[in-house]
Amino acid sequence: MMQNQQSQIRTDLAIESAESFSESEHTLSGVVVREITDENAHVHITHVHIKNAQGARRLGKPMGRYITLETPYLSDEDEDYHKEITKVLMEQLDLLIPDIHRKKILVVGIGNREITPDALGPMVVDHLFITRHLIREYGSDSDMTRGFGIVSAIAPGVMAQTGMEGREVIRGVIRETKPDVAIIVDALAARSVRRLNSTIQLTDTGIHPGAGVGNLRHGLDRETLGIPVVAIGIPTVIDAATIVNDTMKSLMDVMEQHGLYQEVCDSVRTFDDQEKYLLMRELMAPEIANMFVTPKDIDETIRRISYTISEAINAICHRI
Amino acid sequence: MMQNQQSQIRTDLAIESAESFSESEHTLSGVVVREITDENAHVHITHVHIKNAQGARRLGKPMGRYITLETPYLSDEDEDYHKEITKVLMEQLDLLIPDIHRKKILVVGIGNREITPDALGPMVVDHLFITRHLIREYGSDSDMTRGFGIVSAIAPGVMAQTGMEGREVIRGVIRETKPDVAIIVDALAARSVRRLNSTIQLTDTGIHPGAGVGNLRHGLDRETLGIPVVAIGIPTVIDAATIVNDTMKSLMDVMEQHGLYQEVCDSVRTFDDQEKYLLMRELMAPEIANMFVTPKDIDETIRRISYTISEAINAICHRI
Amino acid sequence: MMQNQQSQIRTDLAIESAESFSESEHTLSGVVVREITDENAHVHITHVHIKNAQGARRLGKPMGRYITLETPYLSDEDEDYHKEITKVLMEQLDLLIPDIHRKKILVVGIGNREITPDALGPMVVDHLFITRHLIREYGSDSDMTRGFGIVSAIAPGVMAQTGMEGREVIRGVIRETKPDVAIIVDALAARSVRRLNSTIQLTDTGIHPGAGVGNLRHGLDRETLGIPVVAIGIPTVIDAATIVNDTMKSLMDVMEQHGLYQEVCDSVRTFDDQEKYLLMRELMAPEIANMFVTPKDIDETIRRISYTISEAINAICHRI
Amino acid sequence: MMQNQQSQIRTDLAIESAESFSESEHTLSGVVVREITDENAHVHITHVHIKNAQGARRLGKPMGRYITLETPYLSDEDEDYHKEITKVLMEQLDLLIPDIHRKKILVVGIGNREITPDALGPMVVDHLFITRHLIREYGSDSDMTRGFGIVSAIAPGVMAQTGMEGREVIRGVIRETKPDVAIIVDALAARSVRRLNSTIQLTDTGIHPGAGVGNLRHGLDRETLGIPVVAIGIPTVIDAATIVNDTMKSLMDVMEQHGLYQEVCDSVRTFDDQEKYLLMRELMAPEIANMFVTPKDIDETIRRISYTISEAINAICHRI
């Protein structure tokens, strides 16, 4: 769900926090960072494991595992490549949910089906192979259902459509249908253009919007939903303030390189990232706070990525 | 939700049961039938009130109120006429849910958005003016929300899409959000071609599928959902067996009129309606049991009727 | 496009005409019938080649090639099986359009996107890999376009949506963009329940609606469009009269087997198929003439079949 | 259609050019500017009439009439207000197309249905009352068609979907169906956040994309289409560079006000708007050139505005 935060730099991605850590910090107590590059799949995988409260404070994220897959080709048309990514995604999901195909899985597609870049979650749900009702009718060992896991799914819509928070719908459904694990798929806002449609983040900590936010007011995690929650997030938009901020940084760099306007540069350089971001927000037209930025071919990108994610979930949940 | 029943004549419409009662039976204890013709709106309104168990047995329907609006023009394009129907619908809803605009309303759009005649419920939800989240954020007396009722809505999808019964999703949502009344909108199967897209049935008894049925296994009523339930149903399909059965009846009539084949006629005449229906089902290709019949312009009809219903709900829930 | 014919038995499928021919007629001048069973793909393939006017008169179809693929599994979920069918479909398309990947192809998806069983054509268009604009921008030998055929596509909608006949839109587009061949994909009406969603018909004669019909008033063929036309048709609906007619036949059979009602049977038996069909239409409620019958899971079936067809077109048009 | 221009400041709106003219220029030969404020409808209407080549050069726009409706409430939910706007829109369309209800009208909905802010044109087409096929079947004086104008419509899709330019599809359709006038509805890119979803531009000059552009390579006007063309455009996106540029201006203003960094300000002030815009583009991440900015509630806004426009076209084309 695309959100908008007023009071801090916007990022839903743990790796964007982790990046600022130098190599040596990988050994710091509380955070373990491990990186793998899968040459076959042209994927760079980063595991960030926040092991205790100290680590959580350092990264400003809840304790738990964060897996980030990065690849420049995620929005490409190449079908074979998407199959590779599907395989990598399956392996990582397997780490976060051991024995997934023996568990009752509820997949939740967060987002607004009517807004192209926010439709990712609902579109993943559309492509899933849904079996819970079949197992309930025929048992798990019938000719019709052998090898099937137990998968149900819901796209709870957004508040403007239902008048309810996603959390309310999901909790209600969990209470009634008692799944073992929830997999929540959501379109995220990235802070960097570079990450757009090229990063998949998996985490067993659920979804935690910043304070004072848009559609998703409360977290979706083990605490609020009562069962383990794995979130799959893809940045499909950036907010307008980020774009402005990034450009300003470039401007400062250029000025500095040319030895120009040293005074300006010095003074603005004294701002930290957070301060610069807030300055930009203040200067921008107020309407911009409620706007998002997304690529012009977002329809095709969303179609491809949603298919890749649903294929991974289908393949790992069912043994057919 | 379009359903398929194997063991009895298919009708979701109380009036189809009531029609077989002669005038004198209107005074029978247990059932009160009252008819009104609204000349302005070209609507014939029938109130069937089943007051006790005896009445329920006679009509084979649960105790409660059934209001049927009949009009040949429901699928017409005439916008003014749809406004008339909207008004009639509001008056009848007002009878079933007194003080509706003071109550917390959950509207449920049953059905499969991907099957044109079954998309009625979800499309009504699409057109609603949703306010629960606004009232929760701004209170009911802010400039933004004055005059608004408290309306939330959900289209729970069908089992093939979610793996869950509609009842499970709806109960979960009710538990979490505690509405006072549920209004359930559903596309029905009619037994007679004549009723298709020309009848609206309102009832405070909820929805009760026959035994051994399709998507909707359990009733959606006060007992299963825990709050008062008003159902709005529109027949948008008929099942294939009904079409065959109706034609057979015509054939018998023609034969009889011509004094032909007395023997055949006599023998088939000894079948009651239920037996004839079962005979037809047996003779039909087995695939037909899972088929429905619907008009070729069902897309436009559904669009118009869904709009009319949502306008009535919007107007009666909010005082703006 | 789903059509409705008043004056003759409804069938868009050449094989339904050919079936009434006995084996010996295969050698008749004017018509060559060849049958292949592809055990791997569980497909039965029938080639009907109407070679001259005599053959055309016999089958009541224009001269040309008709290829029918029959398989009971077309609406199944099995992905591997759909890949087999895709391959068979490619081989047959190759017979009808030699050197297809060297030709400029316009794919036309006939039908109403808003009516589930009629959305097949538009959905095939949605899944195609479209390249004409890329070749025009980058040439056919750039890094970006190497191996690509030249494919454009349009879903012209139906008259109620555009006010124009499909033929007008298609002719206009052909005049402006000058493709070499048109591939027209259309949902058909079948006469037999058995054929529903289990038959694919390919023909180089285009599409020829019967006289006095619905949406498609004029043929779409080489004569009206000015270029070779290959039609791919899938029966996704049957009309209501067909269902009734089929059941009546079963009834007569049952009566006969029981030695009952000889008189009736004899007299009805003297009707030929056409007469029986007309009798049924007359007995049916007049509204039924504008209704169609389709399976309750038609949404999933259409999704799968449209994907299979578009995959075949993609694979045969491009050499990537 | 959302486009992206590399070489000049991005604006599709004539009024944005006209605004830079001072009052006195209203009398300049070649351009007549007339302003009306409709208090009832809270609409400010500006007529810019470019009468000759000199005027065209001054404003950088083709000769013809440009009518701009401005209102802050266009994306509001208020139904009565939308009725007012519909009336204003009708009056202005009447000026541009005299005797419209006696003419054969082709409405063209430009844009990509799959990208929310670009779906405006296709959605207007969805809501139109289409009559050309009825008049052709029943004549214009039948009970069924009396009072109807002759309206046809098409949503030609975008090149990535069809492989064809919009112009090719539209020209083809015009050649075949010979309408008198084309009304082209399109989502535009605005240069100012303030104009977003609050401006409607009407013009009898058609649509003229800047040089070296995206989807719409060639103009859609009387010259290319062969018949008079009236374009209705609504800015629904702004491009990312615009947002950055606007913020930079604010930054400069703030700096200036504080008497700070005079040197910087002076030097940047010497840039004209075009130069500043190009500087910003250069500094931005290259991906941004292919991105757009749009509000988070764009789905509801597009739904409302498309309905308002189609109501105006329906009401003015038909006299029912």
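Annotations for the structure displayed:
The chains carry the letters A, B, C and D, assigned in the order they are written, with residues numbered from 1 in each.
Note that in this section a residue touches a chain if its C-beta (ideal position, glycine included) is under 8 Å from a C-beta of that chain, and two chains touch if they have at least 3 such contacts.
Because the structure is a prediction, the values reported are computed rather than measured.
Look at the contact of subunit A with subunit D and you find the same residues on each copy: over half of the numbers used there are shared.
Between subunit C and subunit D the centroid-to-centroid distance comes to 41 Å (mean Cα coordinates, whole Å).
Distance from the subunit B centre to the subunit C centre is 36 Å, each centre being the mean of its Cα atoms. Subunit A and subunit C have centres, each the mean of its CA atoms, that are 44 Å apart. Contact with two or more other chains is made by residues 160 of subunit C.
If the chains shown are joined wherever they touch, the resulting network closes on itself as one ring, and no chain has more or fewer than two partners.
A complete list of chain pairs in contact reads A-B, A-D, B-C, C-D.
The residues of subunit C lying in touch with subunit B in their complex are 2, 4, 112, 114-116, 160, 193-194, 196, 214, 240, 243-244, 246-248, 250-251, 254, 261, 263-264, 280, 283-285, 287-288, 290-300. Those residues of subunit A that touch subunit B in the shared complex are 125-126, 130-134, 150-154, 157, 159-165, 168-169, 171-177.
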